[in-house]
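You will see two complexes here that share chain A, one where it goes with chain B and one where it goes with chain C.
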Partner chain A sequence: MKLLVCIKQVPDMESKFQSNGTGDWYAESDLAYRMNEYDEYAVEQAVQLKEQLGNEPDVTVLSIGPDRVGEPIKKALAMGCDRAVHIQDSAPHTKDPWQIAAIISAFAKDKSFDLILTGMQSQDRGSAQVGVTIAEELGYGCATTIIGLAYDNGTITVKRELEGGIKGVVKLKTPALVTCQLGLNIPRYPTLPNIMKAKKKELITHPVSDFLREQELTATTSVYPPTKRSGGIVLEGEISDMVERLHAILKEKTAVVR
Partner chain B sequence: MEFTREIYWNVGHGVVIPMYLLSFLAMGVCAWGFWKRVPVYRQGKSLARLDQLPRRISLLLSNLFGQIRVIRVLNPGAFHAVFFWGFGLLFIGTLLVMAQADFTHPVLGIIFLKGTFYKIFSAVLDLAGLAAIVMLGGLLVRRFVIKRDMESIRDDYVIHTLLFAILVTGFLAEGVRIAATELVQNPELASFSPVGRLFGLLFLNTPVDQLALVHKFLWWLHFVLVAVFIAAIPFTKLRHIFTTSANYVMSDLGPKGSIASINLEDESIEQFGAAKVTDLSWKDIFDADACTSCQRCQDRCPAHTTGKPLSPMKLVKQIGETAEANPDHSLVNVLTEDVLWSCTTCRACQEICPANIEHVNKIIEMRRNLTLMEGAFPGDEVRTAVSNIEVNGNPFGLAYASRGYWADGLEVSVMDQDSEVDILYFVGCYASFDKRNREIAKSFIKICNTSGVKVGILGKEEKCCGEPVRKLGNEYLYQMTAQENIELIKAYGVKKIVTTCPHCFNTLARDYKDLGLDLPVEHHTTFINGLLNNGNLKIQGEAFEYTYHDSCYLGRYMDIIDEPRSVLQTAGGKLNEMDKSRYESFCCSAGGGRIFAEEKLGSRINVERVKMAEATGAPMLVSNCPFCLTMFEDGIKTGGYEGKLAVRDLAEIVAERL
Partner chain C sequence: MKTLLVCEYREGKLLDSSYELVAFAERLGAEKALVIIGSEPEAPKVNGKVYVAAAATYGEYNPDLHKKLVLEAVQRENPDYIVFLHSSYGWDLAPRVAAALKAGQVSEVVGIVDGKLEVGFCNAKLRRIVSAKSARTVVTIQAGAFSFTGEATGTPQIEKLDTTAASSVEFIGYEPAEAKDVDLTRAEVIVSAGRGIGKKDNVPVIAALAKALGGELGASRPVVDSGWVEHSHQVGTTGQSVSPKLYVACGISGAIQHLAGMKKSDFVVAINKDKDAPIGEIADVLVVADVMQFVPAMTAKLMK
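And now, the complex of A and B:
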């Protein structure tokens, strides 16, 4: 059984974001990077599945980006992935989700992966399109926002998180693709022996030009911080009057009061 | 007439051969008992503890004969010490008798137990025996009458009975001899055995032939009891006579708080930290035998006294039991994770231990196994904090680029712009990011500015010193962050570092040496004290009443006890000491990486400490550590002490008086 996990390196969300010189993305200075949170769930799920199946499955981790994406790749290997593919691209943010999905599909199409795992979305761009587009390109069945996964003899059963706290259960035949959501698992902390072993695992680097054959379909025209809005509403006056007004606001603007 | 006594009176020289045979048998059993333990110790990893022999021997002599560490807790330490000296004198007396009776007299014809020397000899031994009996009686009453909740095992009954019987039969045998040979015939000599004489008076009217019979019986009983005592040493707590003494010799002579750095380059290492006793050192196993179960560690352990499952004493004992019975068992399974994570590494246990047992590093070794081999954490909140340090170099997860924001507008050089400074202020995570603790950093800068000291900070380039993660067992992350700090500090050609955090201070001053940074590092309390002493800093003393908290990592770990008090006195402070102060200070709960962890077991340590501070009646608690400050601010709120007690850092007090 062959598994592919697609991960993305993103800035830590606590970082101080500023838009870049061309105004179409964030500036890279003063950012701390980490593995996209949802992709960590995907890595953990792949490694757990491998362990459940007696370590038989072979897990490949893939990431697109400049040299610095070596860090999350190393972490994924230390968590238990078997081999890694680094698609070298100095400016991944200039590719739209369609291009990213097309690059990954081009890489994966002749590798016969049984299961592909991705995060449900990236924390920086947040398009949530890459996973589903890969599935479409490869002709795989696809389930999104999964919070549970079980595999049995060519069938995977996943639990999906739907709107409003509703859960759904979906069965898919492999090959399949799933996108992972918070709640699926708690990603393991890599042990030191595994960190050391990770250094010796296979890491293949391809230039992005090997797989990039598509033009972008969407273009980011500008990235900017939200305009500062005026402060909140302060209610003053008689208690009963304030209660009435608060009730009206909650009814109008939220789903708390029906 | 020259005063002396006939040795082997009544029992005759015929006893010599059976007596020596029995003695050698007892000593043989004793030696065999210890020899049997050697393979148990040898299961542990090698560790050099016999270098610097002269220093080690002087430690042995001062602690064994001076009973220094035992007396540190006067009750019952003084009882033990006086008993030890009494029993020791009796032992020396017996050796002198042996030397004369079986060597100098028969071989060389010399008798030295005579005349004035004999009188002194006799009186001293009598009083030594009396002291030993009284002290033993005191200890007996303490254990079995006063402190009935104290855990007593078979050994305790055996030892008390045996020692008491030895002393009493000794005096009885002496008394019978005195009744038969001195009371009437030589009353002056009898008066030099005051206690023996009293025992002799019991037999004043007993016929001489009966006395002879009773004496023979008592002499043999006394002798057999002593033989049993010698043979019992390795099989009961009496073993501490040798094992605790040996532990003085094998003390850790390194700087206090040193932890062995793991060589992360060594790819042959397969096991990090201690999963089994065989991963610990032989000394860690030996420590269990050196333990006398005195409970001093347990009584002072902040985790134990607030109802957490950790007892440093039990932990040490359990390691010993596991080494003996189940060396293959997992230590975590035996001890439990809760026990290992409960430790705040406050060092109260190690500081007070009369046997020089090293508790803290055992716990850290076992935590290393949990963290490095199993990826375990005491809780998810700790996992988050650790991963924040990995990404942003601080446990809060705040943007690393904002680390230096607190200094905006202050007269501070940021090293990447101007590294020509007198001191590098290593700010640490709490003073950099935490709103309350930023006041410490600002106060310290104000003090430096006033004193004409040019200060630099690393700003956004600084990272966590790595102390909390190291104490949690994560040596890998510690060394990674430490190396980055060290390279940076070296590159700027820093001459001296000052910290306002005792955890940073310990780490930079001692632990970074192992990783290649050897610079003078000072804590702000001593640095300010120095500025005051050399006249570079003048403050307007303004009266205030306070109580002072010795942080573990400044007091117990670094012996900085008086300097902060001196600064606060200059500032006009009137000190109300807490009962638990100086080396006996009670942890704030945040050491050992517990600053990141929620305290889920037992009661809150910080509230306990705030309660002690409030009990002094002082309205202000002064600390010297951002962790302590954080815990006390919290303890004051959660414990309901708002309005009654305020907590300040020493730097704040000084800065207000410039």
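And now, the complex of A and C:
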């Protein structure tokens, strides 16, 4: 069985963000990067499935980006993926979700992956399109937003998270693609021995030009901070002063504090 | 300009959120036709054309068939925009329709600025204007971003839709939400804990403020996923949507999914050490402080 996990490197979402000079992305200086949170669940799911099936499945992790995406790739290998594919692109943000999906599909189309796992969306662009589009391009069955997965002899049963805590149970046959929601599992921390082992694992690199055939279908024309709602009060300073001021505001504006 | 609005139907009912699609079309100043895979009695009550395919035949969740049905409606209506909710149904189906049409998709639209589509970016800390380069645009709109304020009293002009296609997925059924030990939808005061509280051991400090205000404890998704607080306390699109008189967000940065679940609150207080956290955008009062310093002091003041 062959599994593919697609991961993206994103900035830490606690960072401060501002528009870049050309207004089509955020400024990338002074940002700390990490693996997209949703993708950590996808990696963990792939590794757990490998373990459940007696280590038989072969797990490939793929990422698109500049040299710095070597870091999340190393983490995925240390979590238990077998090999890595780095599609080198110095400016992945200039490709829209359609192009990113097309690059991955072009890579995957003759590799007979039985199951492809992605995060349900990225934390920065948040389009929630790439996984589903890859499945459409490859003609794979696809289920999104999964919070549970069981595999049995070519059939995958997933739980999809719907609104208000309801779940939808769906079965699909391999080859298939699933997009992973937060809470699917508990992503492991790589251990030191596994970090050392990861260094010996196979890493294949391709320039993005090997797979990029599609033109973009959408474009970002400007990036700006949200307008602050006027009238909001900002309290700063000593804790004791702020407590007194908030108490007075709640007394005046709400019926909750008397 | 014309929109095709893809409504939602679950467990035999039209979902009210479908009317937000109508609000979006009105904000865009566009004509509309609607499509629903549901039933005629549950067709949305709007004046105009509503394409209805039977969920009894095509299932409530069957992406291959639903894609074909929506594409059939697209062929008959020739819309400029095909609009979905950004929901478990919409984000699942929209990219399939977009791929089939080779149309650009703009996801989770929060506003319309000078006729252009505005979306959130980087966990709502920025906004982007995105436009499609294709003839048609597929759009998903953020839940709650376009409120339908009118009354749904129109008479739909029903057109039947049918198709045939193979299905690659089989829908087995629904699992109900876990039993709630707390009904936040009725609470007058909610004090919610976010990742900014630091660790599980700090949850009682937030619960104490909730108690001092006579309210209930809420939580953001990361806190629930980490197992610090039970899921029944989760506020947001996958938890409960709430509208208390007072909502206090403690260490919650304000992810879109959380804001969508609490922005109807009458009065919002946010306590956050980051002055630029997106929660500040909707807060009536933003207290810039370390949650674990401010909250115990506030509780002590209220208990006096």
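Note that the second predicted complex is superposed on the first by the 230 of 258 C-alpha atoms of A that agree within 3 Å, B and C clash if a C-alpha of one lies under 4 Å from a C-alpha of the other, contacts with A are read in each partner's own complex, and residues count from 1 in each chain.
Definition applied: contacts are C-beta pairs under 8 Å (C-beta built on N, C-alpha and C of every residue); 3 or more make two chains touch, one makes a residue touch a chain.
Computed from a prediction, not measured in an experiment: that's the story for all the values here.
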(message) By the touch definition at the top of the document, which applies to A:Glu161: first (chain B), second (chain C), both, or neither?
(response) second
(request) Return first, second, both or neither, reflecting whether A:Arg34 touches chain B, chain C, both chains, or no partner chain. (result) first
(message) Of the two partners chain B and chain C, which one touches more residues belonging to chain A?
(response) C
(message) Looking at A:His247 after the superposition, I want to know if it touches chain B, chain C, both of them or none. Which is it: first, second, both, neither?
(response) second
(request) Figure out whether A:Glu44 sits in contact with chain B (first) or chain C (second), or with both, or with neither. (result) neither
(message) After the superposition on A, what does A:Met196 contact: first (chain B), second (chain C), both or neither?
(response) first
(message) In the overlaid three-chain picture, which partner chain does A:Asp89 touch, first (chain B) or second (chain C), both, or neither?
(response) neither
(message) Let me test your reading of the model: by the given contact rule, A:Val169 touches which partner, first (chain B), second (chain C), both or neither?
(response) second
(request) State whether A:Arg188 touches chain B only (first), chain C only (second), both chains, or neither. (result) first
(request) Would you please give the residues of chain A that touch chain B in one complex and also touch chain C in the other complex? (result) 14, 16
(request) Over in the complex, which chain A residues touch chain B? Could you list them? (result) 12, 14-16, 30-34, 186, 188-193, 195-196
(request) Using the touch rule from the top, collect the residues of chain A that touch chain C in their complex. (result) 11, 13-14, 16-19, 26, 96-98, 120-121, 123-129, 132-133, 136-137, 140-145, 157, 159-173, 176, 182-183, 215-229, 231-236, 239-240, 242-244, 246-247, 249-250, 253-257
(message) Taking the touch rule as given, give the residues of chain B at its contact with chain A in the complex, in rising order.
(response) 264, 267, 270, 272, 371-377, 380, 383, 386-387, 390-393, 397-402, 460, 475-476
(request) Can you check the complex and tell me which residues of chain C touch chain A? (result) 10, 61, 63, 86-88, 91-92, 94-96, 98-100, 102-108, 116, 119-134, 140, 143, 168-178, 188-189, 213-215, 221-222, 224-225, 231, 234, 237-240, 245-246, 253, 256, 266-267, 269, 274-276, 278, 280-289, 293-294, 297-298, 301-302
